[in-house]
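Have a look at the structure below, then the notes.
Chain naming follows the written order as A, B, C, D, E and F, and within any one chain the residues start at number 1.
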Amino acid sequence: MSTRPPESPASLLVVSAHAGDFVWRAGGAIALAAERGERATVVCLSYGERGESARAWREGRRLDEIKEIRRAEAENAAKALGAEVVFLDAGDYPLRETPELVDRLVRVYRDVAPSVVLTHTLADPYNGDHPAAARMALQARVLAQAIGYDAPGDPLGAPPVFCFEPHQPEMCEFRPDVLLDITSTFERKRAAMECLPAQQHMWDYYTDLARRRGVQLKRNAGPNLGLPHATMGEAYTRLYPQVTGALA
Amino acid sequence: MSTRPPESPASLLVVSAHAGDFVWRAGGAIALAAERGERATVVCLSYGERGESARAWREGRRLDEIKEIRRAEAENAAKALGAEVVFLDAGDYPLRETPELVDRLVRVYRDVAPSVVLTHTLADPYNGDHPAAARMALQARVLAQAIGYDAPGDPLGAPPVFCFEPHQPEMCEFRPDVLLDITSTFERKRAAMECLPAQQHMWDYYTDLARRRGVQLKRNAGPNLGLPHATMGEAYTRLYPQVTGALA
Amino acid sequence: MSTRPPESPASLLVVSAHAGDFVWRAGGAIALAAERGERATVVCLSYGERGESARAWREGRRLDEIKEIRRAEAENAAKALGAEVVFLDAGDYPLRETPELVDRLVRVYRDVAPSVVLTHTLADPYNGDHPAAARMALQARVLAQAIGYDAPGDPLGAPPVFCFEPHQPEMCEFRPDVLLDITSTFERKRAAMECLPAQQHMWDYYTDLARRRGVQLKRNAGPNLGLPHATMGEAYTRLYPQVTGALA
Amino acid sequence: MSTRPPESPASLLVVSAHAGDFVWRAGGAIALAAERGERATVVCLSYGERGESARAWREGRRLDEIKEIRRAEAENAAKALGAEVVFLDAGDYPLRETPELVDRLVRVYRDVAPSVVLTHTLADPYNGDHPAAARMALQARVLAQAIGYDAPGDPLGAPPVFCFEPHQPEMCEFRPDVLLDITSTFERKRAAMECLPAQQHMWDYYTDLARRRGVQLKRNAGPNLGLPHATMGEAYTRLYPQVTGALA
Amino acid sequence: MSTRPPESPASLLVVSAHAGDFVWRAGGAIALAAERGERATVVCLSYGERGESARAWREGRRLDEIKEIRRAEAENAAKALGAEVVFLDAGDYPLRETPELVDRLVRVYRDVAPSVVLTHTLADPYNGDHPAAARMALQARVLAQAIGYDAPGDPLGAPPVFCFEPHQPEMCEFRPDVLLDITSTFERKRAAMECLPAQQHMWDYYTDLARRRGVQLKRNAGPNLGLPHATMGEAYTRLYPQVTGALA
Amino acid sequence: MSTRPPESPASLLVVSAHAGDFVWRAGGAIALAAERGERATVVCLSYGERGESARAWREGRRLDEIKEIRRAEAENAAKALGAEVVFLDAGDYPLRETPELVDRLVRVYRDVAPSVVLTHTLADPYNGDHPAAARMALQARVLAQAIGYDAPGDPLGAPPVFCFEPHQPEMCEFRPDVLLDITSTFERKRAAMECLPAQQHMWDYYTDLARRRGVQLKRNAGPNLGLPHATMGEAYTRLYPQVTGALA
């Protein structure tokens, strides 16, 4: 049972605090959606220019240069995954929660009409921008549902929301509700990660993580399901009840 | 993506502490499985002869009479839903957790080879038999997975487990992870409930509950999905991560 | 043991995000207070003009019309319950938390000197205005206690705070700490609900809920207490320890 | 609103793992009930002969001597509080959960017909006997409610259950839901504590605790309530929803 | 294993919402650091002039007088403990979270380069300023770690953060992760408390608490460790994983 | 500050449900203790003969053969780590909690007099033997503390308890409280893992995990601490408050 009206096409919206987050944490899901021919849209609230560009700062780059570099990298990564990317350039460290930024997100929701939403977890003691992005993504989703909210487009339905995996999951109260099989698209995810050369140490870290989640996926699917040895996975939490016509 | 090997047929196993629990709490899911042509098996660990047969005791019935009445009612209800029913007659109030009873459940698992398992919640301060049944159902599921466990049949896979809704959900730490649309089978569920005449006050109570969960189902599915006004629902929690090939 | 000084009269304060919330969620408690001859004051932070007036928007009403309609409805409902109602017209969807709005609430606390406070839950993933209202209600209560806070009136005591039941309680971490018997005033609550014609589908929904909470109330009170079959209830959580002279 | 049928007298039942627990943790509540003329019954599942009699063991006492000493102390303490005391002599360290012991408790419930029940918390990483006692107290209460349970007496109603405060509350997930004013009976509690000479260091510890809970009680009651400076308190958690006719 | 680079000296930073908090809640830890010859810095975000100066308001003092009194008291207390104190005078009741105040804290972090941070708990239903201070202390710590954050000084390392004990710990979700032995410095803590004459009732309250936490410290250390009878303690929660070279 | 009396030597006790658990989950901690010249004792409650020997069963081995194989492997692994190993041969799948087995553990505690204890987590929905082992380890530790418990040896002190990391940590409510630097002993851990040839797929899995925990260790220690790139870690939770003389 789909939660999408028959006439409306599937559409994925990813709300990412910084320019790189969507690659490490949700690249597999994005590539899967693109492979299925669905529209996939990534919103980067900031470029991660202050908080996630340490190497560039150590190399003596200026703020505007860093933003430009990060933007180009994120565009390449999104392209590798098959997604569009929108930059709101709201600044990071801190990413400030403002009514104006939430309103811009409402307009994105109304425009994209997502059938599925991905964003950060609501807790992350290592990076305050991540929960700030998640709070705004969730608030905007609810506002976009109201016919009385003053923004163009039709009221949003109730797309399910999934939180992608943070860097230190247990410290962020992250518990995998869903293990997504990304084996078929992992090469595209790896290619997208390699579009971010300043964070090369992350390539292997997130490849290892995908393998680890893949092992758990096989364990939860059952050993006799015949999944390949090299199953790769991504983990998500689900914020609203799943609506379905069959338990499985 | 199914978690079931292609060659093995879908099969539903319901582990119920007392003879009536499966009707009120999971009747819709059982009828849906039967409608899809799947095998549906209910295990009643006891008849609920002491704890859930107050009227019969007040009428002066003897223990063996009460067990017979409850057994017949449960058989009728299972038939109305399209399920087989197995009675282990382990006694209730209290339902005692013993290695022998767990072993009998392991053998049921090995025989039924369920692709989905339903049981009680792990907390219920109003009825200790319910969590005892759930603990045994979960323990037996893990034991049945081990090739080294000494019981006939093949090792079990890793069927997902869903807990059905207790009478006072918030007091049992019950949070709906899944809202199941049972509109198409609600009439069968109502018919099954009416096989339990001693608990007539429950018929309307659980009809109201199905309507209430239906309203929430529509809310979580999105208003523009076009679900009918009279959508009926059942709520479940999911104990293991969902394994899937697509987020939805 | 009352937590109210002997000389000061009992007084109920309800802080409601939108114009209708207090009716569905706390109508019984308000009518009970009024029946006991106590002052009952409802503060509506907004009219719910954007987020809870879908029908009026679909009918093409203007913002100012909608606010007027909602205001009139809420006034009628409050009257039916025996309460005064104050409108702060702070806007909804989103209801913004501002120091100014909190300060207005502090002044209401100092004026009303409530002996009991009711408001929303602190979590509600379906409606951000509800927790925002609750946070402001709680913050203002603490500020009003400080003699050094610059507002007219005497410092507030420590009135207990109860959160009323949200629409999807389990998703809002709502656990009933208190089940209130509203049987004697349910007719007044129903009459108040009927003052809100645009949400007619809610009349039966909340009547069913009151019956459901009534069944649970009887279960928790004990079957031999002799409560009537048609006991109606409202559920609340309690945010601070109960202070008492006897356990019961 | 009382949860007790009008015809049945109030009656307090305290289920205590060891001979001394009821004094330190619930002495004030017991004395209050006795003062109100209610029956108060303490069940000591063991004498605490192995786990809570270190001094006697160091003095070289034999097991039977220690049990005798502890019994006499507990009888004196109960007398000082105005309560009856029953000893089940089930052994401690460990206190074993057995169907037979639970059955004996069911018979106590049916005999005492308590309107209020006090026992230990369900978690205590420092002493496994405490949660074992609580689990049995709760299981027996549910069994005693069933007309079909084979024991003399009438089925039990649904008396509220309060957990008294453990030695290291935060480590036992203890959160005060109720602060009981024991100022009027504190002298009796102190006298009962002094009936336990081997644990003299506890007298001041629990006097300090009563003062500390008293300070919190005043804070939660409100500063303008006029409670005396020397208010003494006991803290409890409540396991089932409070049933009431008025919020306060 | 220390988490501090060998070349950098140990340094303690305490972020306190009001002028007195650091004395009651962390005085022992501060005095211990000073005794070890470490730099200890206290930041008071406000003087507690509105919310924690009830006596002065009742005596008719003006706002500026009260701030001056509180400042002098806090300076004396800090001196008694061996710490520097910095006042940001950001106002209390409410203490407002602003980007500017967070930025000032970032600059303190960069200047002090703390190896350990102490602050309030993230929950406190009795005083909203406390969690506001904690949130800002945590946010500023993360921002100060980013080389791209525009403030003087070197990027901060990852100093561990400990939350000190609130007034009603269980209501603030406070669970002692660390029990600190302050026996050797308790006299200095008492002397610092006596620098706050307007809150004389707190002197004994926090002396009792130190004794209580000392008893628990001895219990958790083991009875055969030979700690003195009069062991005094302070309790803390730890927000990030402890990094160590040996389990102990 | 140590929690061990000066005269008594440090001693590590590991309580492991099956023969291999201690290697994957605590091998680094064991090797570190051995390197420091401390006694390290591993208790294997079972050989894991039924539940963790799938390959041997598929190869047609008999039960006694499998137990012998597993015993030899575990002895080799323990030797590689520098630990003694004790086998209680209590059976697995299920590992039954009995008073007799707990009593045997009490005697081990009294004999080993551990200053630190390691065991499984209290939750593990994938393997019921793990929490059963943890519950018995914790119960026996408390019983061994009582002078009145009838077993040889002196009463135990209060050694801290750490839970090692389960296979799917988030599903077992595992949150790293302690990150242990095992870089210096990782080679020994790897050698011990290679003593378990039937589970070769685990060698790399747990090497990857050690690297992952090492990355997190560096992140929590601070980037400027100068830890080597190839830091390896093990994660633990701590069940009782840490007792210390200095916050760090």
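By our rule, a residue touches a chain if its C-beta (ideal position, glycine included) is under 8 Å from a C-beta of that chain, and two chains touch if they have at least 3 such contacts.
Worth saying up front: this structure is predicted, and the values here are computed from it rather than measured.
Identification of common neighbours of chain A and chain D yields B, C, E, F. Put simply, the C-alpha centre of chain C and that of chain E have 38 angstrom between them. Centre to centre, using the average C-alpha position, chain B and chain E are separated by 52 Å. Looking at chain D, one finds that residues 126, 171, 176, 216, 219, 240-241 touch two or more other chains. The complete set of chain-chain contacts reads A-B, A-C, A-E, A-F, B-C, B-D, B-F, C-D, C-E, D-E, D-F, E-F. For chain A in complex with chain E, the residues that touch the partner chain are 49-51, 53-54, 57-58, 63, 66, 93-94, 96, 125-128, 171. Partner chain C is touched in their complex by these residues of chain B: 126, 167-171, 174-176, 205, 208-209, 211-212, 215-216, 219. If you check the complex, the residues on chain A that touch chain B are 1-5, 12, 29, 32, 36, 115-116, 118, 145, 155, 157-160, 162, 176-181, 216-217, 219-226, 235-236, 238, 240-248.
Contacts from chain F toward chain D in the complex involve residues 99, 102, 138-139, 142-143, 146-150, 239-241.
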